[in-house]
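Here chain A shows up in two complexes: once beside chain B, once beside chain C.
Let's turn to the complex of A and B:
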């Protein structure tokens, strides 16, 4: 598996898309700090961007890479390599490369602005961890969808639709259902609904860490009330890791049964 | 060496293999024949573990291959359609595939044999069909494994390369290897094979030597024998 991981990372360092994302994050980081010299405020703005963008980039890049490397996979399948190593290596290669683009792209400008000397360093690192988790989650989901659909257009469509669902539609539906059923106790429902959406979950995770109750919103406040800040952090982090492992598990399981 | 026991495989509503059982010789050339869509490639891919059968067992050197991968160390495979990552150079591809097996390789000899030297630094995406097939041949033969599986090895080759390929196969046969070939070119079959397997409608219709086939169909040559089988099937 390490050989495959190595090869894919090497392949991606030659791809202009990795650099495109790197420079995009770099520009974003510098842009934010240029407009907003207060580091802790910049971290909050960055969070709002990261929780929507990293899933989108993970999804698009995941689908594109998966379909483009189909030939490579078929070549490897005839070699003495375990099937799960091929797919796990591919997944880790893409997720790690994207995470590296994120960490370096955002990290460099904040480093130059002295994030290490500020109190926000842990919040900032937490935000990067959050972005990495979201990258892993959405690369996993898009890989699974792509594996299930031989048709590239379908795979792309479903993956983008799922991102749209989690990033935009989910909150809308959630809000509507809260208004419609406002006469009922909705605490448990809201908690569960939040846990089922990795984007909401990661937003709450960062806000709990930043300890800004004004931005928590209904579900976040509920989360804090229900679990307290520390337990809330542990639970949301655990759930995010579950979100990483879940799609990965289905992806690997399906890869073992698939015909090539 | 290779044993297939009651293999079933369907793709959706299409039953491709309906209980194929087959055991190979220890060495020699076996060609798999059959009309388009008779399941030749599926059979080969099942052997390689690329397609998972619905039912049945594949055994390699007397142990089942289900979910295993070490056995592929002793297997060389030439796929029917040469699919390569387009952005790699030929030399990079060869180097990469070599890394997956701890074996001495003989690609230099093969590169010279098929005149691939001028193409080594080209990207795979820019190669012509025939040149891709030559790269395919080099990847398949460079490990010198005891079992070689060739799916339509002649497609796109010019006459010179075809002669070289036949030489290569003959040489491998002399070393006592087991070689499994699918092809539609009957002159190639007559020239190369010790044994033929005829797949028809998801089953093995005939297994034996070319002579046996001619006798059983009462025809003078291979082409007519096969035509008579297919006509009989249609009637």
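Let's turn to the complex of A and C:
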């Protein structure tokens, strides 16, 4: 498996797209800090971008890579290698190289602007961890969808639809239900609804760490009370890891059964 | 006309006599008078008492005649945590240059460093107060000057603490150049009229930096209010002028820079509101002019709720606030003209400095948050940006006359 992982990572480092991705984040980081030298403000703006973009890029890149390397995978399958190690290696290769682009691309400019001397260092690291987890989650989901659909267009469509659901539609439904049931106490509901969606959960986790959490008012105080405790943090991290491992489990299970 | 001359001359003569007969007494640890209260007891009206450097363990010093008491080199009066330290109970009293420490504390009585009771024309200048319950407490008095005092408290909880300068049922006070820190309210005026509050610094107070209650016709200008529990509160008062003040860093879930509650006919001009959770929170206040203010990096710049009519917002800068305006009524009777909004995205084809497209300061999301406080959890979600955009294109929910028809293209500097 390690051999395959290594190969995929090398293959991707030669790929134009991961460089493009890396330079995009690099430019973004420098641009943000050039326009706004206040690191904590830059972290907020960065959050907005990471929350939307890392899932999207994870999804698109995952689908593209899976379909493009299909012939290579079929070649590997002919060899005496365990199926799980082939697919796990492939998954890890893509997710790790995307995360590396993200961490390096954003880390370098912030490092040069002295994030280590700033008190926002933990928020920043947390944000990077968050971005990495989102990458792992959405690469996993898109791999699973691509594996289930032999038709490239279909796989692509489903993956994008799923991203759209988590990034936009979910919040819409959430808001509509808040308005529909406004006569009822909704604190617990909104807490649970937030935890269930990885994008919302990451957004809230980062928001609560920043000054801006004071704007969240009473509901924010409730959230703070929950996420501020160790239990809350454990639950939310568990949830994010479940989102990483869940699709991965289905992906590996399906890969063992699938007839190529 | 000359018939009155002898009488006039007599009065002048008497006046000079009083001047001449006014004695100066000295108090120091080794003098004839080693305590201020003894010196006050023997003094005649309009005498001057000079207090030299040293520590005087005294409390409840009652000043019941017109005296000028001057401290030389900040003599320390240690109130030994009992009662009020100095009580002024006469007219024309002046106290200057003392360091007053350790005032008594009570749950039922109000003890102060200097407690002014029914005095007409007093002056409290250049004193330092440390570890006080109330700093300067003014009751039923008139024409007082409170200048260049420093009041530091060490209070942690609201019900255990007093105010820095507390005015009650008084008139025509001048409160200027004071520094107030770590108290309950920095300055609290209740039933106080015709008063000026100028160039004070009030910070890190548990409740408000400045607090008006039932006080009419007051001005406060050039003050700085930083990092107070909830900023400045002006309640149930009429004709208050608020000019050139700075409200900053009042940051917390229930904080605000300035709270207006039941205020009428006020002027709020040239103030800076920076980094407050809510810049101005307005409740039931009408006929107020908001001119030339700067709102920078606040959560909400202005939050208007309930029955606010004919308010005018003109030539203000709204810069990088998370929400510019929150408004919860369907109808609008307030005017927004010629402001600069940093989130304005319109254009100016005729280049007259005024945007050609009207600006709508109320975002759909801020409207929804008003109705559904829980929905604030969706803040900074992509979905929220999308609905804000669609509402901007075709407004349905927000009051359609709540617009700035002449938004400025550039920041207003003056």
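Keep in mind that, in the parts below, the second predicted complex is superposed on the first by the 242 of 260 C-alpha atoms of A that agree within 3 Å, B and C clash if a C-alpha of one lies under 4 Å from a C-alpha of the other, contacts with A are read in each partner's own complex, and residues count from 1 in each chain.
As a convention for this text, contacts are C-beta pairs under 8 Å (C-beta built on N, C-alpha and C of every residue); 3 or more make two chains touch, one makes a residue touch a chain.
Everything quoted here is computed from the prediction, not taken from an experiment.
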| request: For A:35, decide between first (touching chain B), second (touching chain C), both and neither. | output: neither
- Task: Would you sort A:111 into first (chain B), second (chain C), both or neither based on which partner it touches?
- Result: neither
What is the contact status of A:220 with respect to chain B (first) and chain C (second): first, second, both, or neither?
-> second
Q: Have a look at where A:69 lands relative to chain B and chain C in the superposition and call it first, second, both or neither.
A: first
Max touched-residue count on chain A (chain B vs chain C) belongs to chain C
Review point. Regarding the shared-chain residue A:234, is it in contact with chain B (first), chain C (second), both, or neither?
Key: neither
For this session: Determine, under the contact definition given at the top, whether A:80 touches first (chain B), second (chain C), both, or neither.
Result: first
Touching A:182 in the superposition: chain B (first), chain C (second), both, neither? second
Footprint intersection on chain A (chain B / chain C) at none
Residue positions on chain C within touch of chain A in the complex are 251-253, 255, 277, 299-300, 322, 368, 371-384, 386
Touching chain A in the complex, chain B uses residues 11, 45, 48-52, 67, 69-73, 75, 77, 79, 83-87, 96-97, 99-101
The residues of chain A that touch chain B in their complex are 3, 7, 11, 14, 69-72, 74-83, 256-260
Note: in the complex, chain A contacts chain C through residues 47-48, 51-52, 167-169, 171-172, 174-175, 178-179, 182, 186-187, 189-190, 194, 200, 203-204, 207, 211-212, 214-221, 223
